[in-house]
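Take a look at the structures below.
What follows is chain A paired twice: with chain B in the first complex and chain C in the second.
Then we have the complex of A and B:
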């Protein structure tokens, strides 16, 4: 297994380099002068030339890429053009925030989706199955920003149960865990509703497929209880598609939390990278490529490892 | 008995649940109780440069506002766009030698927060930093190089005694322009804590490192009304009153500038009541009734004007040379229905056909300049025909092989602006002017602005908002040859009028020059004028003096704000 992991990690290096090269080229292909965007509409030619020189933007593109890569190898992602702070610091500040809401929502959504999917597969075509299906499709088709706004209007403004956004209350000198939980409840709840809707459908389909397999019939024939059949036999095999989904969805979750971050005023990674792309904040965009690229590679690797755990028939060499 | 008890218990439970779920009755807000202002910053705005000589790469109105909270300016510009010497470091500025020498007399009342006086040495030191950061080869560039003649008009800037600074210009210049656009930029810092290196470039590098570190000890010595308190990035920034401030002492306990990721998030916070000073996003103007009763909505005009910017570059998509024809520009202006545009904006705004806006109230606007070129597409069409244009097979006005067909690029995300350009397109079509409108994000429009002219710019006409003045509305930066507008507008006549507004003279002469410049601009139509729209401030009814104490150029002064219980 360790040889397999090492080989996979080494294989990911050229992939990673390719991603950075393509991203570097694409963001520099966007028309317009970044110094002008930087300086605003009152920039003079003198200032633009000065800024281009200060930022190294007057060098040829390949030279700029090599400089960036060299700095990356030394653990330096550069400084944001617009936030007067190092890219690492920005990412490190925002990673825990996004990790918190994404991580918590993934755990809750997975748990709920698995239970819902298994139940719906077991009791398929029952009244409750149809009701849960309708609810799932309702939330699946709902635009994320609209759902977020509805959450704010209902739970924050009308019922006054939760803050409308942000991470902390500036009036409280030392906000504790309770304040933090109150602030992330609505964003997490929104993400859970989104993800449960889709994931429960996958789980239902996978469990339905598993329940008609021979090994399930054999288990029942052996006299095992329905709960044991479901959990120890059907569920374990049904999890394989969910593991794939989990691995692939990690990077999407981080960037997909953008909508939630914007509406709930929750400053996280998604918002950081979105603003950077709009503003042509190249160092932050490339920092995002590094982070998302790494997450993608690790997500796939994690999915493969979990396959092996879930299904002992799968062996890695 | 048992049944009665159960009924009563049930009724009480229901009543309790209803009370728990109901919106609580209006009570004193936590912000009132804490005597704290929680103010919404514009969406995605951050504070990242606290040193009052701003790096060009960091300058923003929010950073400038933070500077104004911590440091006093040499000249403060007040609500009527005039200097207010009672609130400035300078108690008077005396021009002499035909407005070539300016003697600044500092008010001895001003002290740093450690009790030492603000002196001429501090003013000179700060100016030296600005001048050094405007030189080629400086480690960073000052954002306002050559604004108001700082430093390009300055021959010498020297202290004469502890309370006097003598500024000698390279030639006589307009005193108002120099004082209001130049000297008002200077927010002195204490030389004693900032002057560390004899070499200016080294000094600038050191300052750059501290510019985003407001907790550095150097920032503990200020002369402004507020100290920096705390920054929680992408959450909020706090400012605390300076008890030793020599001006109007703040009565609030704390000022919190709250970060918002989007206009929608800010609106939600207003609706929830978790900010007490905020703004109504333009995109949500239609939802303003939801805030009725919670806030007082007030329109506030910025000191600037809004316009469509034609590209005069001969290579601008074949239409650049046509814009040089004043008949074409007048025809374009005659296709702009400003009155309907104001209706689209729900009646909020003012008609404006002048680079010097009528609002906010200012001493420079000349109502006699009038608006000779108003909405009249029929007249516009007739003017084009008289000028030698003929409609081609598609009905587009054409002259010498060039057609009046171009793309208008405008900033996306503002429905009012989208409706405006759509209206202009329809009205221009009546004149035989074929316009395609294209929405782009603001930063992309800005990036389009400086497409290298030699390569052939890709834009014909841009709408990104407009121009804001610092104080004295001279046209040099916006309509002069080589201005930052990147539109290659080049008129020797306009330059003469602009230069006259920057020339020295008596107050009557200076006013006459400004009036002449305005009269020429409204007739010559160098840009296509649009109505002025205000921004909308939402202020909780228990917060006072917010709007009345704002300066004409958009700075607010929380030291005058108060919270009633």
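Then we have the complex of A and C:
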């Protein structure tokens, strides 16, 4: 097992390097000059040269990349152009908030999707099955940002149940638990609805597949109750595709979190990245891409390990 | 509606006749696909024929009717500059649909070419090409797209290529896997034995046989691309004003969510949902038609 983990970690290294190269190259596609962007339209050639030299931008691109990568490996992602803080510090503050809403919504969405999918597969073609499928289709087709707006209109403006955005009232760094829960409810609820729509359909298909297998017939034949057959025999097998799906969904999850964070003005990695992209705060943008890519790669690794836990037939080699 | 329409000539040339008829018949028998096609057609009519029927200008501002509710003069009210919302929805649909379709087309063309090349090449080239795909798949596409858009501030044409630049990887993987299995089949061996070179093998024998999965992937990609255009425009990094599009109209509506201006919030969103529903229905029906394993199953 530990050998397998080590090998998989080593295999992720090229992907990680690829992510750094792709982001580094894109950043250097900037037309004109980073110093120009940094200094604004009134920059003199002398100032531009000076800033370029200070930022190391006058060196050849491969050299710049190696220097940047070396710094990156030491946890140094440079400083934000506009906020007087290091990129690393900004990311450390914001990543936990994103992981909180993503993590909580994944757990809730998975639980709901599993129950829904198993029920729909078990009572296939019943009225409720068709109703749930239609609802899932509808939410699945809803753009994340519009779903967020509708949530605010319904639950915040019309019903006045939850705050429409931010992370606390008033805005402080470490809000109390009650205020925090109130503020993340709508973002989490939005992400849950969005994910359940897609996942429940996979769960329904996977359980349908499991229910026609011979071992289910055997379990029924030896007189086991329906609940035991469903949960102990069918569910355990239909969970396997869900774990793979979780790995596949990670990039979409983080993209979804970005949209939700922007609409709800929730200060996570997505909002940080978005504001940096609008302001062209390139060190933050670059750091954000690297961190989000790394999180995705690690999440996929986690999915693979979970897969082995759920399926003892998998041998780690 | 129950008659069996002939396959469009473009697809018929690519697919062998007997599979075309079987799969197209399976597709047309599925009510889901028909509903989907009707939905998409409806929106195409709304966006492209609508402005010919409903002739109000989407650009004329009215100081006397700022964020005005629906009335006889403005069936769906006006926006923050007093412009006719219905006319803007129609015009906005044109851009959203055009960019979405075009991006999907570019992504499919490149992804298919890339996948076939990688699968045929094998060895180190294949490994390297697929590593590149792994990297792009590992990055949440919205982050990459925002990064690209913050650098380029795109026009409609550039936006097509930017969206395609992250969207091609999925189909590349699918086509490569299909190529790997196809190239071991007898008909490829036979073609190769009768002297067909690599380009001919790829174009005449492998490409037509991957068209099924590409068609399914393309359909879902159209939906994804339309959604991406809307999302990027909503985030203010899509297409520049004044030409409206659904995402950007929703972005403007954010300023009015506390004032009950429902005509700015619901219609653009519902239109996007209708396109997405239509495209997803068609995609699901196509997938069922092309995957015989799914047919006749008690699903």
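FYI, the second predicted complex is superposed on the first by the 290 of 317 C-alpha atoms of A that agree within 3 Å, B and C clash if a C-alpha of one lies under 4 Å from a C-alpha of the other, contacts with A are read in each partner's own complex, and residues count from 1 in each chain.
As a working rule, contacts are C-beta pairs under 8 Å (C-beta built on N, C-alpha and C of every residue); 3 or more make two chains touch, one makes a residue touch a chain.
Worth saying up front: this structure is predicted, and the values here are computed from it rather than measured.
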| item | value |
| --- | --- |
| A:301 touches, of chain B and chain C: first, second, both or neither? | neither |
| Which of chain B and chain C A:72 touches, first, second, both or neither | neither |
| Touching partner for A:278 - first (chain B), second (chain C), both, neither | both |
| Partner chain in contact with A:108 - chain B first, chain C second, else both or neither | neither |
| Contacts of A:152 with chain B and chain C, given as first, second, both or neither | both |
| Partner chain(s) touched by A:143 [first = chain B, second = chain C, both, neither] | second |
| First (chain B), second (chain C), both or neither touched by A:224 | neither |
| Chain B versus chain C as contact partner of A:44, first or second or both or neither | first |
| Chain B versus chain C as contact partner of A:266, first or second or both or neither | first |
| On chain A, positions contacted by chain B and by chain C | 30-31, 145, 149, 152, 157, 164, 262-263, 278, 280 |
| Touching residues (chain side chain C, partner chain A) in the complex | 131-132, 134-144, 146-152, 223, 227, 230-231, 234-237, 247, 250, 253-254, 257-258, 260, 262, 265-266, 268-269, 272-273, 276-277, 280, 298-299 |
| Touching residues on chain A, where the partner in the complex is chain B | 30-34, 36-44, 46-48, 50-51, 54-55, 81-85, 93-94, 145, 149, 152, 156-160, 163-171, 261-267, 271, 275, 278-280 |
| Chain C-touching residues of chain A, taken from the complex the two chains share | 14-15, 18-19, 22-23, 26-27, 29-31, 124, 137-138, 140-146, 149-150, 152-153, 157, 164, 205, 208, 250-255, 258-259, 262-263, 273-274, 277-278, 280, 285, 288-289, 292-293, 296-297, 300 |
| Partner chain A, residues of chain B touching it in the complex | 21, 23-24, 30-31, 34, 36, 38, 44, 46, 48-49, 56-59, 136, 138-141, 143, 145-146, 211-212, 232-236, 238, 256, 258-262, 264-266, 268-269, 271-272, 274, 441, 443-444, 446-451, 458, 464-465, 467, 477, 484 |
